[in-house]
Amino acid sequence: MSFNTFGKIFRFTTWGESHGPAIGCIVDGCPPNINIKEQDIQSELNKRKPGQSKFTSQRKEDDKVQILSGIFEGKTTGTPISLIIYNKDMRSRDYETIKNKFRPGHADFTYLKKYGIRDYRGGGRQSARETASRVAAGAIAKKVLENKIGKKFKVIGAVTQLGILGCDIKKWNDKEIRKNSFFCPDKSIVKLWKKYLLSIRKSGSSCGAIIQVRARGLPIGLGAPIYSKLDMDIASAMMSINAVKGVNIGSGMNSAQLTGEQNSDEISQKGKKIKFNSNNAGGILGGISTGQEIIVSFAVKPTSSILKSRKTIDKFGKNTSISVKGRHDPCVGIRAVPVGEAMLNCVLLDHYLMNKAQCS
Amino acid sequence: MSFNTFGKIFRFTTWGESHGPAIGCIVDGCPPNINIKEQDIQSELNKRKPGQSKFTSQRKEDDKVQILSGIFEGKTTGTPISLIIYNKDMRSRDYETIKNKFRPGHADFTYLKKYGIRDYRGGGRQSARETASRVAAGAIAKKVLENKIGKKFKVIGAVTQLGILGCDIKKWNDKEIRKNSFFCPDKSIVKLWKKYLLSIRKSGSSCGAIIQVRARGLPIGLGAPIYSKLDMDIASAMMSINAVKGVNIGSGMNSAQLTGEQNSDEISQKGKKIKFNSNNAGGILGGISTGQEIIVSFAVKPTSSILKSRKTIDKFGKNTSISVKGRHDPCVGIRAVPVGEAMLNCVLLDHYLMNKAQCS
Amino acid sequence: MSFNTFGKIFRFTTWGESHGPAIGCIVDGCPPNINIKEQDIQSELNKRKPGQSKFTSQRKEDDKVQILSGIFEGKTTGTPISLIIYNKDMRSRDYETIKNKFRPGHADFTYLKKYGIRDYRGGGRQSARETASRVAAGAIAKKVLENKIGKKFKVIGAVTQLGILGCDIKKWNDKEIRKNSFFCPDKSIVKLWKKYLLSIRKSGSSCGAIIQVRARGLPIGLGAPIYSKLDMDIASAMMSINAVKGVNIGSGMNSAQLTGEQNSDEISQKGKKIKFNSNNAGGILGGISTGQEIIVSFAVKPTSSILKSRKTIDKFGKNTSISVKGRHDPCVGIRAVPVGEAMLNCVLLDHYLMNKAQCS
Amino acid sequence: MSFNTFGKIFRFTTWGESHGPAIGCIVDGCPPNINIKEQDIQSELNKRKPGQSKFTSQRKEDDKVQILSGIFEGKTTGTPISLIIYNKDMRSRDYETIKNKFRPGHADFTYLKKYGIRDYRGGGRQSARETASRVAAGAIAKKVLENKIGKKFKVIGAVTQLGILGCDIKKWNDKEIRKNSFFCPDKSIVKLWKKYLLSIRKSGSSCGAIIQVRARGLPIGLGAPIYSKLDMDIASAMMSINAVKGVNIGSGMNSAQLTGEQNSDEISQKGKKIKFNSNNAGGILGGISTGQEIIVSFAVKPTSSILKSRKTIDKFGKNTSISVKGRHDPCVGIRAVPVGEAMLNCVLLDHYLMNKAQCS
């Protein structure tokens, strides 16, 4: 049981509330002798932090991470790595609204009903602020994988659908992703997305998104049959991210519409090189990596905190309505990209280490 | 780590290969003093077994379950329940084809590469035969939940899309589901599906499907924040089923296309009764059950064992092709319905018991 | 949580009641490509089975093990190994006595109070019969370790104290252990033990024992700091055996009486060979193996089923007394030797695999 | 797998090195709505901190704990509780000695061999400083148990043997324990212990100790058969404490020397009150609490850091010798008392919550 811990061998435990003094995580099971600097973690955190464009929340969160343990003279020692991020810019705002009213689409209702108490300030524990800890843990996983597998290893994510607007997945270009405010991999659609999201924001509404994360350069054999399938753990990882409602591996939900011959990826070999002629499987067969690119997509629902008025009840059982003011992302999906990358890095390292235990 | 175990408190461990002497599972963490008879398990297994119509495999598997432990004088005792199903109808067929060639879409390739050995007979451990054990475990979970929550509790699944043909989800009718060979909830589409699947079968091909499973009558409060989210564990459960490539909770992948006001389910109260005006959330907010119906959908890819010839390689690295003969389901998704029900029952009981530990 | 599962990577789950149809276990996480035959397991079980001398229970239990899965063409495949032992010689005896009365020293009282139900026949789940499953799992662990570490690896246990009679530990001789009915390592004391135990048996009483298990040929580095210490897991393993009340590592409880200079094992090096000048640590420092012999001792309390009358209550709360007839071991500690060996083999393999995950 | 996490439902994860910026822990699985103040934790920490008498280390460690999450308006919310203790008084001492030489009896050798790197400053992660985190977690467990079970619940530990000097266990007096510098429960021996320990210290040596911890007021039914036995988890907990080499439950190792009739605790009933006429079982039968006092003893080996010169090798393989200067406890066992109490509190709460999951 692990309410706040993710992973099996490479494990991280997150803690902290949105408006408490700090948030953080403990990364356990990290192999020794890996070079890790605060800057390695910070640079990943910077991708996620709000206030970077008008398309994300205007909160100023420095998200300055500190390493408190587990690194000695620049190297991991095999002991737990404790990371802390002190909370800043916690506006002394009036929480009275969300204190007593349940915001539709938020966990206010379920948390209070389950626990009989909750820290409502800024969403408390249910705030997506927790994902900063995931990004920090993922930065460490990434460094370990690069060290173990080599530079051919790469995890990269992008927004492939913004609300009702998809992009052309065939135009995916790694380099484009960091050049726009949407993590969009298709240069040709960026302008349209900009227009669309501005209009969404202006109207006091929000929209959802689909994020795709890919991993390249992996060995064959990560994952294990039945209840440690790689795709099972990836699904679990992505569905644990705030606001995620669906996960696809490869062709995902769409595979229902394919025939057997359309779906199953043919295999051929040239010299030592094994090639799959397509990748509907998303790089995973029978729960085990094929050596192809791992392809995962997940849907992030639209931000539930919107200006538009919504009917709800308060904690006393009275019917009322709510309009959530504040500095909210018009599309939280955008900032989910580094989170998805981080979770995939963590799952992959976990299975990389597990594979050592199973088959070495 | 749990390669072959699912669950946290209510846990089951499955074992067995398709053509070994038997398959089975151990159900651990089952509460004491619950009435369970072999027949309770058998009747669930009967829903899944092949050979029931021309739309499923023509293998004759009795799937006769025996209880070997954990039940005393008709009641659970709190000790592990060992269930065994002896394998029958293991045709002395020629396995030479699949022994050396990797069937596209199957785990043949990854298993052999990972482990350096595999029992290829009938797919061995990677065979969907393993899901019989899940159905058996799910039958026990169902009995416990009915005992603890009462008869208002119900889990029911259906096929909502067969290949390219969807059904009208608004016409969902529980009673229709058991009346046709497709677990189809919409009477009006059954004839068309029949025609379609016959043509698929005749052409030596196969098709995918989408299964939806619903749970009713649950209390508020199942699930837990962050890494024990109810939807996370459901996604994990469904993705662990053979051939599943995507999982949706409520509006799932489609929620990406909604706006905030379309997506977030408004709440109202009348007397003591809390009502959500829609259910895009699929009954789960912040990883915790809202008391609404839980709605899960998952996609099963088309059967990879097809008559149509496919390019592949053999284990010696030679390019070749394969055409899989035998008694295969033209749509394995159909028989995934009782498996999805079973997995949902197991996850729900697991969280029901966890909730007792957390909040009582 | 794992009520009936032991281990982290190499895990086994046991099931079965003393007088149910069968007992057995699932061994999960076993590496692939290890040669294992039923006979490898059977020969370990034979060490444990009762009826081998007049110093153990006169029950005839064949304890014939069958492998139901996980082995293909004589080799492990990485899938779960299911082992079953059908119960025989379940005398149709009158259980009325133990059905209603709580035998002092037994778990009758606590099981019934906790679960409200129990299978009382022959002790049900609480019977030491469960340890046959452990011995079977241990036989597999032993085979894997011999394969991975080589023939220098050896785990061997002995009874070092029988009731009030110790043996001379300095006279420990591996070869003597199998030559007598007590697993006694010191030839010179065997006669006296024989006399003593016969008198105990004649008087309708029983006695306790201390078992010592040693492991040789291990690499440095098994175990991990803090909560995966090797000694912590060994203590856990041994304390989980029925009737065990104390566990020592190396000098154990006696280390309290030593001074710092008496206790800490000095180290010296000659060429590449590191030598500890003593082994108070029992081969473990800071939870990690030093490469020395691992030395574990545990105390088994005297058999609680004795002919002598003992005061107790029945389940209706009435004061009464009980005298347990039947075929009981005058010293259950003797048959605990192969169980202790099995548990140590399992813990060591588990840590061997974990170490691969941590440091390779 | 949980290298730095202890527990199943109530879990804590510790982190930090002796001379890093801070140490701390995350307490997860704590029930909501429990009043907890920093002072509740601080007062337990104060029992453990060094420098309180001349019989413990003269380091000045304030061990000032801060709560960073999980408590809202004085109450637990069910989210993880993050505790931090900043390190102070980290003398800029010369670590060159222990940097390269392996101190006999310490984990220097095994850590470096396993991980290839270690933070040697003050023992790094292997320092008993980690136990401060355990005491903090235990303080929370204690508050929860008092809330759930009531004020009759009490865990109390004492030193029952100091080196070669035992105390009269029958004279155990709770009130005496806090009145002397040894946590000694027997007033009559205190003077002698004082003399003895002063002479040990003067000679530059150290001695071991036996600690006994008792828990009262517990319900029947904590624990579970086979691999979640209460005594198994207690043994695991105690053996995880630095320098512990042996664990006894009730009569422990001594039970080997008893006969069946001496050992098994007779039961009688008067009205509703069930009474055991003795407590060799230490309050646990078949792994489940009987309702009697839980009695655990464990041995702490003598401090390995002593002034007396010891032979050892350095990390370059050269034979040498070492004499450890500094502010070391002449008997680390003394400060292990609050640690043992804390660990028992944690195990008991864990099983209390597990019992809710199993049997409610």
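Going in written order, the chains are labelled A, B, C and D, and every chain counts its residues from 1.
What we mean here is this: contacts are C-beta pairs under 8 Å (C-beta built on N, C-alpha and C of every residue); 3 or more make two chains touch, one makes a residue touch a chain.
Computed from a prediction, not measured in an experiment: that's the story for all the values here.
Q: Report the chain whose mean Cα position is at the greatest distance from that of chain D.
A: The most remote chain is B.
Q: Count the C-beta pairs in contact for C-D and for A-C, then report the pair with the higher count.
A: Most C-beta pairs in contact, of the two: C-D.
Q: What whole-Å value do you get for the distance between chain A and chain D if each is reduced to the mean of its CA atoms?
A: Chain centroid spacing, chain A to chain D, equals 39 Å.
Q: Quick one: chain C and chain D, Cα centre-to-centre, how many Å?
A: From the centre of chain C to the centre of chain D is 26 Å.
Q: Centroid from C-alpha atoms only, then distance chain A to chain C, rounded to Å. What do you get?
A: Distance between chain centres: 46 Å.
Q: Check each residue of chain C and list the ones that touch at least two other chains.
A: Each of 1-5, 8-9, 14, 29, 32, 78-79, 114-116, 125, 224-225, 354, 357-359 in chain C touches at least two other chains.
Q: For chain D, which residues count as touching chain B in their complex?
A: These residues of chain D touch chain B: 1, 9, 29, 31-32, 78-79, 224-225, 353-354, 356-360.
Q: Which residues, counting only chain D, touch chain A once they are in their complex?
A: The touching residues are 1-5, 8-9, 11, 13-17, 20-24, 26, 28-29, 32-33, 66, 68-70, 72, 75-82, 84, 114-119, 124-125.
Q: Show which residues of chain B lie in contact with chain A when the two form their complex.
A: Contact set of chain B toward chain A: 1-6, 8-9, 14, 102-107, 109-111, 113-116, 125-126, 130, 161, 163-164, 200, 205-210, 220-221, 223-229, 231-236, 238-240, 242, 245-269, 272, 274, 277, 280-282, 284-290, 297, 299-306, 308, 310-313, 317-319, 333, 354-355, 357-359.
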